[in-house]
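Right, I'll just put the structure down here and ask away after.
As written, the chains take the letters A, B, C and D, and residue 1 is the first residue of each chain.
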Amino acid sequence: MEQLEAQLVRWRRDFHQYPELGFLEMRTATIVADMLETLGYTIQIGNEVMAPDYCMGKPGAEETHRHLEWAKENGAVPKYLDAVSEGFTGIVATLETGREGPIIAYRVDMDALPITETSAEGHVPVAEDFRSTTSNMHACGHDAHTAIGLGLATKIMRQKDQLSGVIKIIFQPAEEGTRGARSMVEAGVADGVDYFIASHIGMDVPDGHFIAANNGFLATSKMDVTFTGIASHAGSRPEEGRNALLAAANAATNLYTVPRHSDGATRINVGELHAGSGRNIIADHAVMKIETRGETSEINNHVKGQAQAIIEGAAKMHGAEYDIELVGEGESAECSSEIAQVLKETAEAEGLHSVMKSDASSGSEDATFFINAVQQNGGQATYCIFGTELAAGHHNEAFDINEGSMISAVEVLYRSAVELSGQ
Amino acid sequence: MEQLEAQLVRWRRDFHQYPELGFLEMRTATIVADMLETLGYTIQIGNEVMAPDYCMGKPGAEETHRHLEWAKENGAVPKYLDAVSEGFTGIVATLETGREGPIIAYRVDMDALPITETSAEGHVPVAEDFRSTTSNMHACGHDAHTAIGLGLATKIMRQKDQLSGVIKIIFQPAEEGTRGARSMVEAGVADGVDYFIASHIGMDVPDGHFIAANNGFLATSKMDVTFTGIASHAGSRPEEGRNALLAAANAATNLYTVPRHSDGATRINVGELHAGSGRNIIADHAVMKIETRGETSEINNHVKGQAQAIIEGAAKMHGAEYDIELVGEGESAECSSEIAQVLKETAEAEGLHSVMKSDASSGSEDATFFINAVQQNGGQATYCIFGTELAAGHHNEAFDINEGSMISAVEVLYRSAVELSGQ
Amino acid sequence: MEQLEAQLVRWRRDFHQYPELGFLEMRTATIVADMLETLGYTIQIGNEVMAPDYCMGKPGAEETHRHLEWAKENGAVPKYLDAVSEGFTGIVATLETGREGPIIAYRVDMDALPITETSAEGHVPVAEDFRSTTSNMHACGHDAHTAIGLGLATKIMRQKDQLSGVIKIIFQPAEEGTRGARSMVEAGVADGVDYFIASHIGMDVPDGHFIAANNGFLATSKMDVTFTGIASHAGSRPEEGRNALLAAANAATNLYTVPRHSDGATRINVGELHAGSGRNIIADHAVMKIETRGETSEINNHVKGQAQAIIEGAAKMHGAEYDIELVGEGESAECSSEIAQVLKETAEAEGLHSVMKSDASSGSEDATFFINAVQQNGGQATYCIFGTELAAGHHNEAFDINEGSMISAVEVLYRSAVELSGQ
Amino acid sequence: MEQLEAQLVRWRRDFHQYPELGFLEMRTATIVADMLETLGYTIQIGNEVMAPDYCMGKPGAEETHRHLEWAKENGAVPKYLDAVSEGFTGIVATLETGREGPIIAYRVDMDALPITETSAEGHVPVAEDFRSTTSNMHACGHDAHTAIGLGLATKIMRQKDQLSGVIKIIFQPAEEGTRGARSMVEAGVADGVDYFIASHIGMDVPDGHFIAANNGFLATSKMDVTFTGIASHAGSRPEEGRNALLAAANAATNLYTVPRHSDGATRINVGELHAGSGRNIIADHAVMKIETRGETSEINNHVKGQAQAIIEGAAKMHGAEYDIELVGEGESAECSSEIAQVLKETAEAEGLHSVMKSDASSGSEDATFFINAVQQNGGQATYCIFGTELAAGHHNEAFDINEGSMISAVEVLYRSAVELSGQ
């Protein structure tokens, strides 16, 4: 046991040093795949488990290729590189116990953020020499999630005689920006799953505490909007222009006028707007980064629909073409109480202070695609949180966790497999 | 001659007392028709000379009917009332001389304005007891134009042996708002016309002065815009509304952003906007009165096209339906120099101080539809101005003319017929 | 007892036939004052109990005077007309029991709505011949509230030996639009009050049911906004205008962009916008009717503050002057549980099915000014609801109540006085 | 003479190879200064002839310093580098003839554009190996202007016995963007000048043609606008943000609503807008590049004033701070006919086909500051154009001139000095 605890730390620190953005987790995924196969799992990787059409906000070919070169030079396992070379970096590890029983699936995520890690001396990764080697950073704990996933895989394989049915461990790319889960669900990864558990560490839950069912995820849609007009010299031929900047400015203003919804909270934001190429030229190009949120998927879809009409209308007003690219999406979800109850008890048995559920608003998550898909097929699903002490908030350059929390997470998840496989 | 001069004054004062708005000139038209027929003209009246589909900004059935009752009680000639009862109040009087020659047409307009005439003692119509009996007013001189048209008809009939070819005198409704001319042109009134002369008195040209060719008319389109959304309680169900007020507000703002045109001056204005029915209701209805102008018809059409796109886009943005009703339109026009030269010389012969042409911007006029149609068919056309002393500017409640100018106008126009019929 | 029940119906039907809008309740108030004085109450009326500066959305002098004439001709009691002739129509009736005890105050409201009552045969006021005689209507039950207030006054006076301390019954004008309460509070009407009870009938609470503490009122501000620009001819001198329509259109659009609030629900609406006077004139005048709401007074004030900045900025953008008139305001409030408990028990004793409290959102109410003032001075206050069967929803032209509910309300309120005066 | 013609080409080609942007003409200015001093002129350089406060759109210290290093390595004359090291790169060369006479000043400009020159084989600078060595380019002919200025200086010094009074040759920085002239005028460079001549080559005037007085410059103002708001997480704390993107979007839309002017053409453009830093953050920063134009300085100032009000109002609406930096400005100007007549005759004497004046709209120029200043002091001033064959339009990557035109320009300008010094 102590050995696994130490291994979790080694894994996590390795991933921490080599953070990779969503759909670019090539080093991470090939290392994970290699370990899983070595452990004895059947693995599926790449577009076997990801539907390309549903990858949202995926980097372009050039950036993907550039990162492939980086991965090659930074420790990726060559054997699996072909499978992930186009950015389809998801993995599903499957263990058929040979005994009749349910299909139980665990999801972890692997991607990092475009944040430069602090180099402050007091920051543990600096002090203990595993600070990120790039300008990206694991500032949300997905390095720990990946390590926990590997720890769980190790523990399960060791104790597979305790289990029946089928165990799947899902390593998902691109959770940041809620971009990757849907492509795995659309590829069939959730099909037939009876029990599904996603988990996260931290999230302002204290060390030693556990939440069995976290429901407060807002549905969200993230969109990149482009307006294309016609350039013209603003002094000599103003009438020949079609002003993409004006289309975007009107879209931006009116997006904030989408009405409140009486069924629950909504949000809409135009976070960025960039238009035009010269002071005396009618702008022929404008881009905006926007996002909508809703307390439920239905509310979010209502807001999203109105946002699309506003963008279309604004383009029409100024004779511009428009394009809306969906670059991320998350649903709302309601965890299943039965499986949450099992987890709560399991966590208590492990000595964690457990709470059945939280409805507090807690951002967006695309594990909700898995949860909703499993529930629609008659399965049970939940999203649980393992508390840990944080050095700084999520997405902060000084983010860090208490690495000791990882082993508890592995234990609770492993025991949940034992409990659920007997049901 | 002196008798005709006195008659012009009597006619003009009678029309002045009973002003009628555009497409409602029922009393005026039936009196005119009666006189013309009595003089010996062949007359065409009503929708014989007006294409209903091209009447713009025509009052509704109810208002038309109400005015018909008024006309009956205020001196309309019953014999012609049927022909004009639906508001098609145009008349064309034709004299076939029996001698070969060109078709020469003169246009006068008959409508008044929704302005309440001053009751100041110094105002001549007050002092001499012919002030308007209604809350409308002949504040642009069309009462004098109608009298001049009758005077011209009288003079021509008396001297018809001097003339050859065909003479037409066109009494047009609804020049204000540039609404009536097009329906007469579309009904064929300009067909075959070799020489066309429209005239106006006043327009800041001094008494005794004459402009043979006035070119400065801006092309214009006048539109009534309606947005229809869906009402909803703004507090309890904001998401169910489709906000017509927001659509209109955005349309209004963006209409002013229609770009300048490098080929000439443009104008656009949203003169009125009315939306909504209660403080706490999402507005389901909004109306706007707008107009565009351009130094040429082409420029105006460019502005109008962009305005329509803006209205459509604004409606789309907020899920509203929209309707654009064209309620008035005028073209730009360039007078023919040959006919203008004839007029200039004729006016000089009558002792007027004459100028060949003016390009100064001078509002909009729908006689331009006649001018362009005649020129397109190979004819010549002009728009001339007879100066007169004004008591106050056009469209002012104290507007009044020097009635003595009318007889010169009749003389010049009559002599132009003599000159042109010999060509 | 049966006699009082019949009397309640007579009073209510009389008020129903003569509905009066807010700050114009002259007939109602003088009749009420006369009855109260006859019963033996000390009455205060007019600006003794209303601070003129805090009357919001009060009709102008002309309309007030016109209504005074109407009241004179329709049964107002002349003796009190002077006191209410300027529209200060509030009354406070006071009974000093002579025994030591608390000050207990009851508030009822008296105003009607600008709604034309249905003339459908099935509508009880039609069938039983007490339909409104004007184009206004008691479509919210304030006629019944006034009757209940008189019934309560009658009952209390009859049984005054059962009571100690001081009893006040407050007849408030202009609750619709949340306009009248604040002026009474500012005049000191809530000063020293130990127990305060406002009540409403209906509000979707079924017959025989009672809610002791209704907390769900949204804070609200209602504002009339005026923009004043400079008119100019849009064709000939566009640069000389200062476009009030453009200022208003921008204000309207941007008011809807006031951000959501993370502490609770918000609302904002521009219900009406009227601008401009002619198609070809730059508009020099625009008015808007707007309202803000917030789940708490703090949230509403935040929204209101941003709305004011937007209006100021929009005026500045287009060189217009602006004016914001506050024409109505309501606060949020939290009822005191102790007094609510007393009421709940009292209602149960009367056989009503009672509920302690409701937090459901239920529009806005200016009784909240009284509630907050009383609580700030250390008193207790609540807002209770007496269920009744409604023929149609509040503010509907077919609104009607079950008149039988009035006597229960009188009984419960009377008994609350007994209970509270003993505390 | 042939020698000078060859020298002009050498000079022009040298400057062409080393183009420098406005306020960075360090290599050019030091070479020019060195030649002028060598020729015998008294020179003033740097902030002796430029008022720092009136340099508009001047690059920052870092860029200026970086370019200084570049200039050092690319042929700048060290002796003068100190004087221009902070970007004050103007020079005035003065010749006192010692004979009584007028002060005659000639202005040439020296700066290049941020355009990458074509590398097409047919492009003469490519074929003859003097293509720009940097990513900037002399695409407007200022390399030729500088050469003409040096040629004129040479010729004048050679023939100084023909002249009386004082001759000044002004080498101005940063004409592109109309940024540099005003600082020289404010430093007193135009003081006391009796005759002022600015000249340009090309501008669609054919080879061998000459325009003595070009009047069609539009007045213009170029502004960089910054909005500063307050960032906040758009999901969790939307109410705490102050949205700079919304302020900018509203400013942009409304800037296009600045009314047309009845006295002459206007233009306004928002060429660029950049706002925000992340999809889910309320944007706290936005920048816009805008420009206004007017047929006269008065009209432009009217538009500029309204633009400033719109920017201020938009900031106010959304609680943002704003800053407007004037980064370029040009006036309108009317050339003096007397001096233009002298030039026309001089050019004719040189065999050029000469036109007295052109009023055609021709962009903006800051030589207008010199022209207006000289005229205000009672002097005469003009802006003349020497035609030349262009390979492509001004500001095009393939722009090139007929180098043979330069010697005519030198001759005409020299002879004008002779003519004017005798007046």
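Criterion: a residue touches a chain if its C-beta (ideal position, glycine included) is under 8 Å from a C-beta of that chain, and two chains touch if they have at least 3 such contacts.
Computed from a prediction, not measured in an experiment: that's the story for all the values here.
K.L.:
Average the CA atoms of each chain to get its centre, and name the chain whose centre is farthest from that of chain C.
P.N.:
Here the answer is chain D, farthest from chain C.
K.L.:
With contacts defined as at the top, give the pair, B-D or A-D, that has more of them.
P.N.:
A-D
K.L.:
Counting in whole Å, what is the centre-to-centre distance of chain A and chain B, each centre being its mean C-alpha position?
P.N.:
68
K.L.:
What is the distance, in whole Å, between the centres of chain A and chain D, each centre taken as the mean of its C-alpha atoms?
P.N.:
Averaging C-alpha atoms per chain gives centres 54 Å apart.
K.L.:
Enumerate the residues of chain C that touch no fewer than two other chains.
P.N.:
236, 238, 243, 246, 250, 253-254, 256-257, 259-260, 267, 282
K.L.:
Show me the residue ranges of chain D that touch chain B in the complex, using the header's touch definition.
P.N.:
Listed in rising order, the residues are 253-254, 256-257, 259-260, 265-267.
K.L.:
Where on chain A does chain B make contact in their complex?
P.N.:
Against chain B, the touching part of chain A is residues 236-239, 241, 243, 246, 250, 254, 257, 259-263, 282, 302, 306, 309-310, 312-319.
K.L.:
Could you please specify the touching residues of chain D with respect to chain A in the complex?
P.N.:
Chain D reaches chain A through residues 218, 222, 234-236, 238, 243, 245-246, 248-250, 252-253, 256, 267, 269-283, 286, 289-291, 293, 361, 363-364.
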